[in-house]
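For reference, the structures are reproduced in the following blocks.
In the two assemblies presented below, chain A is common to both, partnered first by chain B and then by chain C.
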Partner chain A sequence: MKRYLPAIAYFVVAGLAPLVVKDAFFLDALVLILIWGAAAAAWNIAGGYAGQVSLGHSAFFGLGAYAAALAVTRWGLSPWTGILIGAGIAAFTGMVIGFLSNRLKGPYFVIATIALSQVLLIAASRLKGLTSGSEGIPVPFRPGFWTLGIADKSVWVWIVLVLAILVYLVQVYLERSRRGFQLAAVREDEDAARSLGVPALHLKVAAIAVSAAFTAVCGALWAQYIGFVDPAYVFSVDISIKFALASMIGGVGTALGPFLGAALVTTLETTLRAQFGGVGAQFIGTYLILYGIALIVIVRYAPRGLVGWIGERWGRREAKPA
Partner chain B sequence: MSLLSVSGITKSFGGVTANKGISIEVGEGELVGIIGPNGAGKSTLFECISGFYTPDAGEVKLDGKRITGLAPDVVCRAGIARTFQKLRPFQGMTVLENVMVGALTRTKDVKHAREVAREWLSRVGLDEKVDTFARTLSTGQRKRLELARALATEPRVLLLDEVTGGVDQRTIPGLVQLVRDLHGRGVTLLVIEHNMRVITAVAQRIVALYLGEVIADGAPQEVARDRRVVEAYLGQAYVQ
Partner chain C sequence: MEVIPQLVVSTILLGGLYALIAVGLTLIFGVMRVVNFAHGEFLMLAMYAAFWAFTLLHMDPYLTLFVSLPLFFAVGWVSYRVVMRPVIHASHNAQVFTTVGLSILLQNAALVLFTADAQFLRTDYYTVVLRLGGAVFNLAQTVAFVIAVLATVSLFAFLRWSYTGKIMRATAQDPQVASLMGIDTGRIYALTWAVGITCVGAAGVLLAPIYPVYPTAGLQFVLIAYIAVVLGGLGNMAGALIAAVIIAAVEVIGSYTIGTAWKEVLYLMLFIFVLVVRPAGLFGQRGAEALGT
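This part shows the complex of A and B:
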C-alpha cells in the first residue's frame, strides 16, 4: 500500500484542486497536465513496460481526436461513441504496428512508428472531403454531458482524472500481474523469455494495442476539450516526443513517472506561452530548447527519471526499475 | 518408447550444413550427454529442438507428438526447457522474479509462482540471493539461476547447454552435483558438455557429434574410447 501513496496523493490533490481553486488559467493547465499525463502513461505501457519505444504515438492520438470530432460533426453521434470508435481504430492500428515489432527492432521500430504518424498526417491533410484537410475541424459546442459540451473546467478536470487513474491502474496491473512479469521478461530478453514459455509476440502486440487505445482516448478528449482538430498538430512528431519525453523525465517503466513528467513539461510549456504570448511570440518555441536541456540533465543525472531520483534520495527499494 | 525423439534433423546455413540427419533418442528419466568439438553442430541441434530454428528436414517428437517447427514458447509449454550457452538472465529483474517468469508458465497465480520460485532457488542453492538483481550474480550463480528458471517451467525434458563452461574449477563440482540431483529426481536431461571428465561421470549415454553428424552413440566409456571420437577431438596422431 505504502508504495502507492505518492500516486494516491497526486490524484487526490488533482481531484480536490477544482474545489479550492477557481482560476480558469490554473484549471486549464490542470486539465492539460492530466491529459498529457494519461497520454504519457499510455505511451509508457508500450515504451516502458513492453520496451517498444515509439516516436509515433501521435498517430493514435490523432486517430482518437479525429474519430471523436468526425463522430460529432459528420455522423451526428455522441462524442463518447466517437471516443470508442477512435480507441477501436487505434487498437487495431496498434496491433498492426505490434506485429511489425517482431521484425523491426529498436531504432527500426522507432522509425516505423514515426512513418506511421506522418502517413496519417498526410492522409488527414489530403482527404479534404472527410477531414477538411489542413483547415482542421472545429468541434461545435453543444451543452450537455453526453455531448461533452461542458463549460465548467472543474468537470473537465474530473473527466480526465478518471482517464488518468484508469491508465495508472493498467500500469499497476503490469507491475503486479502474471502478464506484467512476462512482459518485463520480454523487455529484458525476448529469446530467453520465449524459451521459458512466454508468448512474447502476443504480449507485445497486446501491450501496443492497449497503449494505442488509451492514447486515442486522450486524443479524443483533448479534441473535445480544445474544440478544434487539425492534422499538423495532432499527428505531429512534436507531441509524440512529448509523450516519450514526459515518460523519460518522470521515469520510464514506473507507474507514476509519466504523470510527474507530464506535470513538469506541461507547466513549463504553459508558463512559457503565458510569458511570451503576444509580444514575444517568437520565443514560444524556446520550450523545445528547454525540452532538450531537461532531457540531457535527466539522462546525465537521473537516468531512471524523477521517480528513480526521488527513490534514491529516500533510499526506498520500490524505486527500482520495474 | 523414448520421451524425446529426434530423427533426421538437417539444418544448413548457406553453404554450411550444421546438422546432417541427426537422430537421437532420449528415454524417460535418462541423462544423455552430447559431446563434440567446436562447430560439431551441438548448439544448432539444441536450437532446432527448442524451436529457435526450424530444421530443413527431420522431425522432433516429444512423447510421440510432433513439435518440429513450433515457436519456442509453444515448445516450452509442451514440456521442453533449455538453458543458454551464453547465459541470458533478465538483468534488470531480481533473482526471484527471474524464476517466477518460468513458474508463471505453469500457474496463473503470481503468489503461487513466487512460492514455487523460492523452492527452486533453494534447491539450486541461491536462497540468499533471492532479492538481489540478477546482474550482480557471478557466472556460477547465473548458471544456477538459469537452471532454476528453466526447471520452474516443469519441463519433461531439460536441455542444458554447457553447464560447466566458463566457470572456475572450484565451482564445477557443485554444478555437477546439482545435475546429478536433478537426474536423481527423475528429470530427463540432454546435456551438451565440453568437459569430458564431467560428462563421462554423469551421463548414462553419450552421443558424439562431428561436423554435423552423429559419429558415436553409446555408454560413456565406449564413446570416450571410440576411434572416431578421439580422432575428432585430438587428430589422427593420437589414434593408436
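This part shows the complex of A and C:
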C-alpha cells in the first residue's frame, strides 16, 4: 500500500482542490494538467511498459478529438458516443501500428508513427467536406451533462480525474499482473521472452491498442473542453513530443511519472502563456528550451525520470523496475 | 505531351536537394546507427544563417557557403561532444530521446530568437529563369542542384578513396573489429556526425533562396529525408540518392496530375507501403531494420 501513497495523495488533492479553490484560471490549469497527464500515461503504456516508443501519438489524440467533434456537429450524437467511436477507431489504428511494430524496431517504428500522424494531419486538412479542413470545427456549447456542455470547471476536473485514475490503474495492472511481467520481458529481450512461450506480438498489439484508445479519449475530452478542433494542432508532432516529454521527465515506465511530468510541463507552459501572451509570444518557447535540455540530461543521468530519481534518494520500493 | 521535359527537369532539380539532406542523415545512421531527429533543426539553422547573412551583411547566399560550411562542421563537432557522446553506446530509445531533446532545444531557441514569422531571402535574381528546349529552369534551383550534386559526389569520393573515408566505412561495418585495428572509433563518430551536419548545413544555405524559413521549417524537409533514407535502406548512401529522386518524382507527378494538396500523402503512403512490404527498404539488406535493437 505504501508505494501507492504518493499517487493516492496526488489524485485526492486534485479531486478536492475544486472544493477549496474557485479561481477559474487555476481550475482550467488543473483540467489541462489531468488531461495531459492521462495522455502522457496512455503514451507510457506503449512507450514505457511495452517499450514501443512512438512520436506519432497525436494521430490517436486527433482521431478522438475529431470523432467527438464530428459526432456532435455532423451526426447529431452525444459527445459520449463520439468518445466511444473515437476510442474504437484509435484502438483499431493502434492494432495495425502494433502489427507493424513486429517488423519495425527502434528508430524505424518512431519514423513510421510520425508518418502516420502526418498522413492524418494532411487528410484532416484536405477532406474539407468532412472536417472543414484547416479552418477547424467549433464544438457548440449545449448545456447538460449528456451533451458535455458544462460551464462549471470543477465538474470538468472530476470528469478528467476519473479518466486519469483509469489510465493509472491500467499502468498499475501492468506492474502487478502476469501479463504486465510478460510485457516487461518482451521489452527487455523479445527473443528470450518468445522462447519461454510469451505471446510477444499479442501483448505488444494489445498494449499499443489500449494506449491508442485512451489517448483518443483524452483527445475527445480535450476537444469538448476547449470547444475547438483544428488539424494543425491535434495531429501535430509537437503534441506527440509533449506526451513523450511528460513521461520522460516524470519517469518513463513508472505509473505516477507521466502525471508528475505533465503537471510540471503544463504549469510552466500556462504560467509563461499568461506572462507573455500577445506581443512577446515567442518567449513562450523558453519553457521548451528548458525541457529540451532537461530531456537530454534526464536520458543521461536519470533514465527513470523524477520518480526514479526521488525513489533512489529515499530508497522507496516504487523506484524498483516494474 | 510538352509537359514531360518540364516534369523531368523539376524532378531532377528537386531530387538533388532532397538527396543532399538525406545523404547526411544516412551517413550518420550508417556509421553510428543513430537516427538524428534533430537533422531538420540543423537545416533550419542553416537557412537562418543564410537569411541573416543576406539581410544584415548583404552577403550573397552562395558566398555564405564558404563561412557556413566550416561553421556547421564546428557546430556538428561540438554538438557531438556535448550531447551525443554520452549516449553513443546507450539504447536506441535513449538515442532517440537525446536527439529529440536537441531538436526541441534548437527549434525553440530559434523561436525565441527569431520569432515564428516566416522570413524570405529575396535575391535580385529571385525570378530569373533559364530556358532550354521545352523546359524552364529556375536559376536558384539550378544553382542549388549543381552545388548539391558537387557536394554529394565529393562526399562519395571522400568515403571511397580517402584514408579517413575508408576508416569510416570500416567503423560502419564493425566498430569492435575497427577499434581492434587501432581505429579511434570515438573520433570517427565525432567526424561522421560533423560531416553529416555539414551536409545538411550546405543544404540549408541552398534552400534559403527558394523556400521561406521559420522555426519549424525543418520538419517538412527532414520528413522527406527520413523517407528517402528508409526507402533507400538505412545507411545505404546510393540507395538514399535514388530514393530522393523517386520521392521527388512522386511529388512532381502527383502535383501535376492530382494537385499539390495531396502530394505529401502520396509519398507518405508510398513510405508506409514500403515499410510494410519490405521494411529493409528498396536497396537495403533484408533484416537490416531489426539489427542491433
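Simple rule for what comes next: the second predicted complex is superposed on the first by the 318 of 322 C-alpha atoms of A that agree within 3 Å, B and C clash if a C-alpha of one lies under 4 Å from a C-alpha of the other, contacts with A are read in each partner's own complex, and residues count from 1 in each chain.
FYI, contacts are C-beta pairs under 8 Å (C-beta built on N, C-alpha and C of every residue); 3 or more make two chains touch, one makes a residue touch a chain.
Because the structure is a prediction, the values reported are computed rather than measured.
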- prompt: Mind checking chain B and chain C on superposed chain A, clash or fit?
  reply: fit
Task: From the overlay on chain A, compute the angle at chain A's CA centre subtended by chain B and chain C, rounding to the nearest 10 degrees.
output: 80
Which superposed partner A:182 touches (first chain B, second chain C, both, neither): first
Message: Contact-wise, after the overlay, does A:198 reach chain B, chain C, both or neither (first, second, both, neither)?
response: first
Query: If you stack the two complexes on chain A, which partner ends up touching A:110: first (chain B), second (chain C), both, or neither?
result: second
Query: After superposition on the shared chain, which partner residues are touched by A:248: those of chain B (first), chain C (second), both, or neither?
result: second
Comparison of chain B and chain C by chain A residues contacted: C
Message: According to the stated criteria, A:21 is in contact with first (chain B), second (chain C), both, or neither; which is it?
response: neither
- line: For chain B relative to chain C post-fit, closest CA-CA distance rounded to the angstrom comes to 12
Query: So which bits of chain A does chain B touch that chain C touches too?
result: none
Residues of chain B that touch chain A when the two form their complex: 50, 52, 71-73, 76-77, 81-82, 84, 88-93, 97, 100-102, 104-105, 108-110, 113, 133, 149-150, 152-153
- line: Residue set of chain A touching chain B in the complex reads 176-178, 181-182, 184-185, 188-189, 191-200, 320-321
Message: If we count contacts the way the header does, which residues on chain C are in touch with chain A in the complex?
response: 29, 35, 37, 83, 86-87, 90, 92-98, 100-109, 111-112, 114-116, 215, 219, 223, 226-227, 230, 234, 261-262, 264-265, 268-269, 271-272, 275-276, 279, 289-290, 293
- line: The chain A residues in contact with chain C across the complex are 51, 53, 55, 100, 103-108, 110-112, 114-116, 118-119, 122-123, 126, 237, 241, 244-245, 248, 281-283, 285-286, 288-289, 291-296, 299-300, 303
